[in-house]
């Protein structure tokens, strides 16, 4: 059984290796085949034909970050939901109530964000 | 692939922890500092999980603990970033050395 | 045979064999992508009352995509001067590798599966999240306003829909009691989860479309406003890898939907004599067709509609579904 | 875990926590849905009422201890009860200050109050935890809530900086503590405090790791009490945060930190023998505790001499006081519990009172430099006299609670072993040094004159709370038996701490 | 009645404080009247106590004891520390309390010159009085320490708020020096308390002498610590700087009390604890103590000679006179100790008297600089007469109280260490020189500065006369005091 476990993860590693290898190999082959004639014009940043002005790394609307924070919270919530769901048969009704409390608290958080107009995009 | 021994995990965790600590204490960019803190927390997680599997008395508690830690770490990171954003709005920097409006 | 291999001691030979198999599979996937693109164009053409590709490779345009790929391979590769070069180069790889990795755990039939790991579903979800990093990295490295905008949108969209996606699957997990994809398929022996979990299925489908950045949720690459979104500066094969990643995800997501909701390789009622692989292919194709159909039918959403829909509708619905399922399970089973 | 076992638990033991949680939820919902229509200070009074309710329910729970529920992760023993009293009283007074924070600075009043309550909840969980997990979760609940509280003045740069520094140091500290906890779990295979103690007692083959874990946890936990290796956040955070939050940090959060230290170290390490030496583990580690305490005392008092900002000064002063309490712990005397408890009680009243006065003056003068107190005796004799009471107590002058607290610590230290005279002398000398800066405030209040004449309006609630605090400070100083009697008789003793 | 009388005396200023509390702060006359009446009330109670003690013979009935609070729990730890409220007096402490009450009365009269904030001033002044009387009456280490510290805080405010130009600096000097002193004292007390489990002074004395709870070395260390602690208060030579600041900067009534009583707490403590707790070690160190006394004497005298400010002259003279106390104590025999105790009382009176006069002088002339004063006898003959009398008392003219104490102290020291005593006589000569130099230059020297105002008024000469009366009274009829302190001395010298 131990071997099955190890082998399975070896496969995963192989997939990772292949996933990395394919682009590398393909791009290397491409390098051999494709022409290489850079000009200044080709290397400018594309900006619908006009000359690019100031740095592209502009400041973003804070909403993006707030959504990221929301995501972190709710994604982590699933850290608890998954084990609970898997073990739900053994846990029973009480675990359901417990999880309900937990989720309700998080829902209040969502509600909070909603009410505070955080969920409104732009 | 032989069974990886406990000490390997512990050493890895210790290394991660030290890297995190070093980063947290020396780096000037606040985001990197926050990431370093995450690294430290995750080193502890690694310890918990390793002990939970290969420890003196293997049991599930360590994994449960690490679940809690993950959540807490996420909350901490979220709060930290939120504070950083609000600071950035006022101060326009995330460089920890420049955050010194209160002189000693 | 594969079981035997799995039980043997891990060794270099094993590694070689697995590697060979995986490579073979990689080519299958590449083949699928090739023909999926063709199929998409064909179906689009059909629905829009035109022919679609019909020059290269005969009347069906069978070699059209191959020709496209070859063209891309030969195309000059330009990297903008202001770009962050190392990040620019590595971004497509980051985007592609997880897309292929997730395929490792999908059970196509009860025998044809690469890695049967206990937390297959979690693995899929965890790994698939990584692609976002590739996209954001690519957009950041381009140092281009359209690209950055597209990348940020992509990130926002993908993380927003990741939550309902993950939540909707929980209904299935609740019914199965396992994260193993094999177990999930086996649990659908009698009745597919699409019937037990219709809400979850709908949420999952919508969220998966958003995750795939496909119309009607293709804001990150909205041609009419952002030119091409995050990959505007990419050309040649680097661009191809973004596209490839997208289509491999398409493949993976369709396969996952099949596994989770359509009973995987299980046959319909009495048609058990047809092999599982065929059943899987049929269901899989249906999903693929459905997604292509979406693309042609629906107009693109506005960004605000998109985000608000995800957080205000899908997430509560998914959560409600979880508790409905749990409640039903406690009360009736 | 089926329904019956769960229903058989005595859930009422968690009543105080439930009340706090319920009120916090209620406030958040009220704030969301009717927030615009009600006066925001009502939310504050609601929160205060919740604290009082929790206090009352805690009073009702005093009998029939200890109660342990949820597989010993939550235990309500007399230790928890007595220290929760401190937490609740402290939270109550800080809430009163919070209600009077200027509304143009703190816009999110609803959040402000329920974060207060959740932080309090975390502290209370820590007091009652019998398990490393609940302990850590409580700790982080407190920490994370207070990070936000420190930064609640969103548009104030200083508040932002305070919060950021707090997050970073707090994060590092809790990571270090957690790393230590992971080793404790590793060598014992349990997260239950008492089980850990048992296992450690039986199996001493991992003593090196135990020592490492002890030190890591110690270093991590010093963050909460703002003592030596992790004290540097305190001045900046105290200065930058709103005064009510500063008061909260220096009272509730610090008390919670000591609760945690006592909980972890006493229940885990107190009964564990040490291999090389024929003493218990905690005695073996005593030197480290002394170093931490001594360095804390010296840093707190010496650096405070140079401070020109009231809140900064109080930050250093609170560091110094943490050092004093650590001395009480480090000497490992049998009087430890009551000495710490009494000192924290005294510290609570005097600090909260002092912060209330600072708050009033800062609010109406817009300046929290030490010179803002100049001529206070002229402009507002009441405030000046009340403040003097608190300062005298902080300096440990007889007749005030601070003296009795310190005296108890000295007595405990020297009664345990005369060799403790080193740390005691250090502490006493440091106390004399502290006269210098405490009396510097007196100089401002009584000897100097104000730059401009102004009158201070003291809100009625704060008048009441300062009066109460002053009364308590003096009564505890003259009749300390009031508290000691309560401690020894009313709550029946700490015998239940170790089983 | 008699059980509570002592406590009543100690806390009697509280009544005045309570009254003051309700008087509006701009009612100057009323406030002063209440302040003075309060001190008179205390004095009356002292007289009552003297009568009740059957003329100063038995003080046992005044002892009072009540349990106060307790550290630790006997059931729980098996060990606890109980602190009681214990007050009691013997002849010596009775004299000290009487001196305190008397000086406070006169100082409160002198306080009429205070210019502002009378209410706060009297509140603090009365607090100070409680502290001083409590120190002498305390039978318990903790109580002693509490009263000791209670004197500290009012002094800080009184100096810092009502003092002269450098008042803040002076108040800080006072605070920090005395803070350190009390800190050392606290360490010693807590050590004793923690080790023996009792804080009662008599019991401790018994325990320390009968058991070997402390080794000789520890006892010696403790004694040295006590010497430093009380040496700061007394003050002993290298620790004296703060006294100069206080004497020059503090308001006059406060200096009166300070020179008269507060400095004596050091001597009192040294006798009570140093000699009482560690008699053997004290005897062991007697030469050192006597030497310190001689150094104090000479140092103070020499520097007093050089000063141009009357306040500083008197400050150094106080220092020098404290040396005599140390010499007496260092001699360790009956006459030495008697001299020391005598000196405590007599210097209390003389120093207070002289500072009282300085206050008058300063009010009239606006200066205390010797070179700016002179020819006072012409304009203010009565004041000059008092000044001269005070000066003579200070230098130890026979027939005045100073003579008795100095004579006895020297006699004791001659028996104990004749050479040292020989050197010390030099100090006596110097004392005569500087006192006469200062006093004569003021009274008969060239008139430098014109004096505004008249000679002494009723409120000034009456107290002065009272001072003179007492000083001469003791000088002529010393057994008035010796009878009272004899029992104390017996226990101290013969064990």
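Just so it is clear, A, B, C, D and E label the chains in written order, and each chain counts residues from 1 on its own.
The rule we apply is simple: contacts are C-beta pairs under 8 Å (C-beta built on N, C-alpha and C of every residue); 3 or more make two chains touch, one makes a residue touch a chain.
Heads up on the chains, UniProt names are A = NADH-quinone oxidoreductase subunit A; B = NADH-quinone oxidoreductase subunit K; C = NADH-quinone oxidoreductase subunit H; D = NADH-quinone oxidoreductase subunit N; E = NADH:ubiquinone oxidoreductase subunit M.
Because the structure is predicted, anything quoted here is derived from the model rather than measured.
Student: What shortest step count links subunit A and subunit D in the network of chain contacts?
Tutor: Minimum number of steps from subunit A to subunit D: 1.
Student: Leaving subunit D out, what are the touching components among the remaining chains?
Tutor: So the groups, subunit D excluded, read A, B, C | E.
Student: When you take the mean of every protein CA atom shown, which chain's own CA mean is nearest to it?
Tutor: D
Student: Work out the mean Cα position per chain and let me know which chain is farthest from subunit C.
Tutor: Looking at centroid distances, E is the chain farthest away.
Student: Of all chain pairs, which one counts the most C-beta contacts?
Tutor: A-C
Student: Between subunit A and subunit C, what is the gap in Å from one C-alpha centre to the other?
Tutor: 14
Student: I'd like the Å distance between the centres of subunit A and subunit B, where a centre is the mean of that chain's Cα atoms.
Tutor: A distance of 20 Å separates the two centres.
Student: Give, as an integer number of Å, the spacing between the C-alpha centres of subunit D and subunit B.
Tutor: Here subunit B and subunit D have centroids separated by 26 Å.
Student: Could you please state the distance in Å, as a whole number, between where the Cα atoms of subunit A are centred and where those of subunit E are centred?
Tutor: 81
Student: Spell out, as numbers or ranges, the residues of subunit B touching 2 or more other chains.
Tutor: 1, 75, 82
Student: Going by the touch rule set out above, which residues of subunit C reach two or more other chains?
Tutor: Residues 10 of subunit C touch two or more partner chains.
Student: What is the complete set of touching chain pairs?
Tutor: Every pair of chains meeting the touch criterion: A-B, A-C, A-D, B-D, D-E.
Student: Could you please specify the touching residues of subunit B with respect to subunit D in the complex?
Tutor: So the residues of subunit B touching subunit D come out as 10, 13, 17, 20-21, 24-25, 30, 33-34, 37, 40-41, 43-45, 47-48, 50-51, 55-59, 61-62, 64-65, 68-69, 72, 75-76, 79-80, 82-84, 86-87, 90-91, 96, 99-102, 104.
Student: Can you list the subunit C residues touching subunit A in their complex?
Tutor: Going through subunit C, the ones touching subunit A are 5-10, 14-15, 18-19, 22-23, 26, 73-83, 92-93, 96-101, 103-105, 114-117, 122-123, 140, 142-148, 152, 155-156, 159-160, 162-163, 166-167, 170, 173-174, 177-179, 227, 232-233, 236-238, 240-241, 303-304, 306-308, 311-312, 315-316, 319, 322-323, 326-327, 329-330.
Student: Quick one: in the complex, what on subunit A touches subunit B?
Tutor: Of all residues in subunit A, those touching subunit B are 2, 6, 10, 62, 65-66, 68-69, 72-73, 75-76, 79-80, 83.
Student: What part of subunit B is in contact with subunit A in the complex they form?
Tutor: So the residues of subunit B touching subunit A come out as 1, 3, 67, 70-71, 74-75, 77-78, 81-82, 85, 89.
Student: Inside the complex, what are the residues of subunit D that reach subunit B?
Tutor: My answer: residues 132-133, 136-137, 140, 143-144, 147-148, 151, 154-158, 160-165, 167-168, 170-172, 174-176, 178-179, 181-183, 185-191, 203, 235-236, 239-240, 312.
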